[in-house]
C-alpha cells in the first residue's frame, strides 16, 4: 500500500470544504432564510424572470449553434490534412485562454454600429451589439471549444474500417454518417452541448460589454445578481443565484449521465 | 483518411476557416489593432500609467498565491483519487469539478455572503479590523474558487493512466511517502503539472466575474487587470483599455503556445 | 463469380505495394493470398473490394471491368481484420445493416429482414446472441457476426482480410473449417488473406504466394509445397536447410551431406544451393560421420535435432520420429551421418 492516503484525502476534503463547499452552503443557507414564499416572490418578478429567460434561452440557442459549428471544426481537424491545420487547432482554445473581459471588449468594438462587422450588418439592417444578438455572439464565442474538444477524440477514435464496412454493405456517404458516425459521436456531441450551455448560462465577463444591459431586454441573470448586490439587495441576489445554481447542478448531473452513456457506447464501460 | 470527395473537403475546410476567422481571429486582431491605433508611444504610455501598474501588480500577487495553493492541493487531490480506491470517489470528482459549472458571479457572491458586512462572519470580522471583501483576501479567495479544479483535473487522468506499480515498487524498496512522490511520481507527471499550472494561472490572471463582485473596484488598490480593462473601457479610454487587454491576450498566447509545445513534447517523448 | 485482376500496380507515397500483379480467380473457388506483412496481399484484396484504387491495371468481375463501380455498388462481402463491427448496434442490427440501408424499393420488409438475419445467425451458430452488443462478445463470436453481416447482402464474392488472425488457436481451427464448408455448400467465390501458411494450405483450393508486391507462385497447396518456384516460396512454406553445392561431372555434392539420392534436371546443373526440408534428411549414428548433434528436443511424436556440420554456418535442422531417435541411440554430442532424400535446387 502506498502511504499518504489519509493525509492527502484529508487535506483535499478540508480544502474543498473551505474553498468550495462551505461558501456554497452559505449561499443555500442564506436562501433558506428567505423561506419558500420569499424565494419564489423574488424569482417571480418580471425583471428576474426576464433575465433568467434571456440567460437560459440564449445559452440554449448558442449551444445549439456551437453543436453545428463545433462538429464542423472537429470534423475538419480530425479527418482532413490541410495547410495551417495546426494553427486552426490552436485557435480553437483561444476562448478558453483569453480572459473574458478581453473577449467582451473586442467583440463589442467589432460588432458596435461603428465597428467593422457592426457596420456591415447595419447595411442589412441588423443591429448586433447592445441587443440580445450581441449576447448570442459572445456566448457562441465562449462555448465553441467545448463542443470541438469533446467531439474531437471520439471522432478520431472511430475505426476507419467501420466506415469501409458500411460502404461495402451498400451504405451511401450520408447513410454512413447518419447511421455509423453520428450515433458514435452523439454522446460526445451532447456532452459538449451541455458543457457549452452550462458555461454560457453563468457567463458574465464577455457578455456585459456587448449586451447593452437593458432591463427586461438584454439583462442577463448574472448581471442582475451583481446589480442586486450593488443595491445591497442580498436576499434577491441570493435567490437568483440559487435558482441558477440548481440549474447548473441539474446540468452537471446530465453531463455525467451523458459521459457514462458515451463510455458504454464506445464499448469500454 | 481523405475519404470524402474533394469538393466537399474543400468546402468544409473553407467553412471552418471562415467560422474561426470571424468568431476568433477578428476579435484577436481587434485587440491589438485598437491597442496600437494611436501608435506605440500611446501604447507604452497607457501601460506605464500608475493605476495600470498597480493593477498588474495586484494580478500577479493574486495569481501567485492562488496558483501556489491550488497547485499543492491539486496534487494532493490527484494523489488521493488516482492512487487509491475508495467509496464515493466519483462523487468527490464531481465536487472538485463543481466550480467549473458555477457562474463566476456566484463564486464572488458566496464570499460576499460569508465575509461581507451583512454576511455570516461580517460582524465578527468588523471587530478585528480584518478586511476580506473589497480587499486582497477576498480577491484571492474568489480566484481560488474559480481555479480550484484546474491542476487536479489535469493530473488525475495522467496519474490514473500511470497506475500504482512504480510507487509500489518504490515503497517496497524502502522509500518513504515523500521520497516516493518526489523521486518517482513527480518526474512522471511534471509536464501535466506544468500544463495544469499554466491553465490555472491563465484563469487566475484573467478572472473577471468573481473578482468583480468581491473587489469593490477601488482604483489603484483592488483593481486587477481585467477589472482595470473594464474601468478604462467604460471611461471611453479605448486605447488604454485595449493596451491592458493586449497584455492579457499575450498571456493567453503564451499559455496556448506552451500547451502546443508540451503536446509536441509528449508526442515525441 | 470469376474475378480477374490484370496488371495491377499500386503505389503509396513512394512505397510500391503492388507491381503489375495479375490473378484470375475461378467461379466458386476458395483462394488464399499468402505472404509476409508488406507483401501487398491486403492491398490487392482491398482493390478487388473497391476500397482502394489501383494506379494502373484493371479489375474484372465476370469479365466486366468494375473500376468505375465504387465499393458501395460492387456488392462484395468484406470481412475486416478486426471485424469493424458497429459498436453501438446489437448483433441483429449489425447483421441487418446491409439490408436496411437499401433504397426503399429494394429494401425487404421488416419481417423478411428479421427472417434473413435469423437464418444467417443460425448459419454462423450464434442465434442466441442476437440482442448482445459487440463489446459483450468473444473474439470468435465477433468474427461470426462479421461473417453473417457480410453474407447478409448476398455478395457476389466473399473477401476476408486475415479473418482468423486475432483468434486463439482452437477457435481459429474451428472457424477455418467452417469457412471451408461454407464455400463448399454455397459455392461462393471467396478470397482470404493470411500470413499463416498452415491456414492457407489447409483450406484453400489454390494458394497465391506474394512477396514485396509481386506474386511468387500460384498453385494448389500440394503443388506449391512439392514444387516451390523459388527459394522464397520454399522457405516461406516451411523451414528448409540451405546447403551450398559443388558440382563435378554434372553431379552435385556437399562434403558433409550425402546428396546422391537426389536427381537434378539438366537445366539446373551448376545451381548454387539446394534447399532440404528437415524431415527429408535421414540421420544415422556413425562414428565416422562429420555431423555432431548439438541440440535436440522432442515435441510430441517429432524429434527436432540441430546438427553441427563443418563448413556450414548454421546447424542443419533434422526432424525425425521420436521413437526412431531413441532406437538409433542419438543424443547430444553424438557423431552422425546425414543423407538428404529430397530437395529443391535453385
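To keep things simple, chains are lettered A, B and C as they appear, and every chain counts its residues starting from 1.
In this section, a contact is a pair of C-beta atoms (placed from the backbone, for glycine too) under 8 Å apart; a residue touches a chain by one contact, two chains touch by 3 or more.
What you see is a predicted model; the values in this text were computed from it and never measured.
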Chain whose average C-alpha position is farthest from subunit A's own: C
Identity of the most central chain, Cα criterion: A
For subunit A paired with subunit B, centre-to-centre distance based on mean C-alpha positions, whole Å: 17
Geometric centre distance via CA averages, subunit C-subunit A, whole Å: 55
Inter-centroid spacing, subunit C versus subunit B (mean Cα positions, whole Å): 58
Complex contact set, residues of subunit B against subunit A: 1-4, 9, 12-13, 15-17, 19-20, 22-28, 30-31, 34, 73, 76-77, 79-80, 83-84, 86, 92, 94-99, 101-106, 109-114, 116, 118-120, 141, 144-145, 148, 164, 167-168, 171, 176-177, 180-181, 199, 202, 205-209, 212-213, 225-227, 229-230, 233, 238, 241-242, 245, 248-249, 251-253, 255-256, 259-260
Contact set on subunit A toward subunit B in their complex: 1-5, 7-9, 11-13, 15-16, 19-24, 26-27, 29-30, 69, 72-73, 75-77, 79-82, 84, 86, 88, 90-103, 105-107, 109-110, 115-117, 140-141, 144, 160, 163, 173, 198, 201-205, 209, 222-223, 225-226, 229, 232, 234, 237-238, 241, 244-245, 248-249, 251-252, 256
Of subunit A, residues touching subunit C in the complex: 159, 161-162, 164-172, 175, 179-180, 183-184, 265-268
For the subunit C and subunit A complex, residues of the former touching the latter: 49-51, 70-78, 80-82, 84-89, 97-98, 101-102, 133-135, 149-150, 152-153
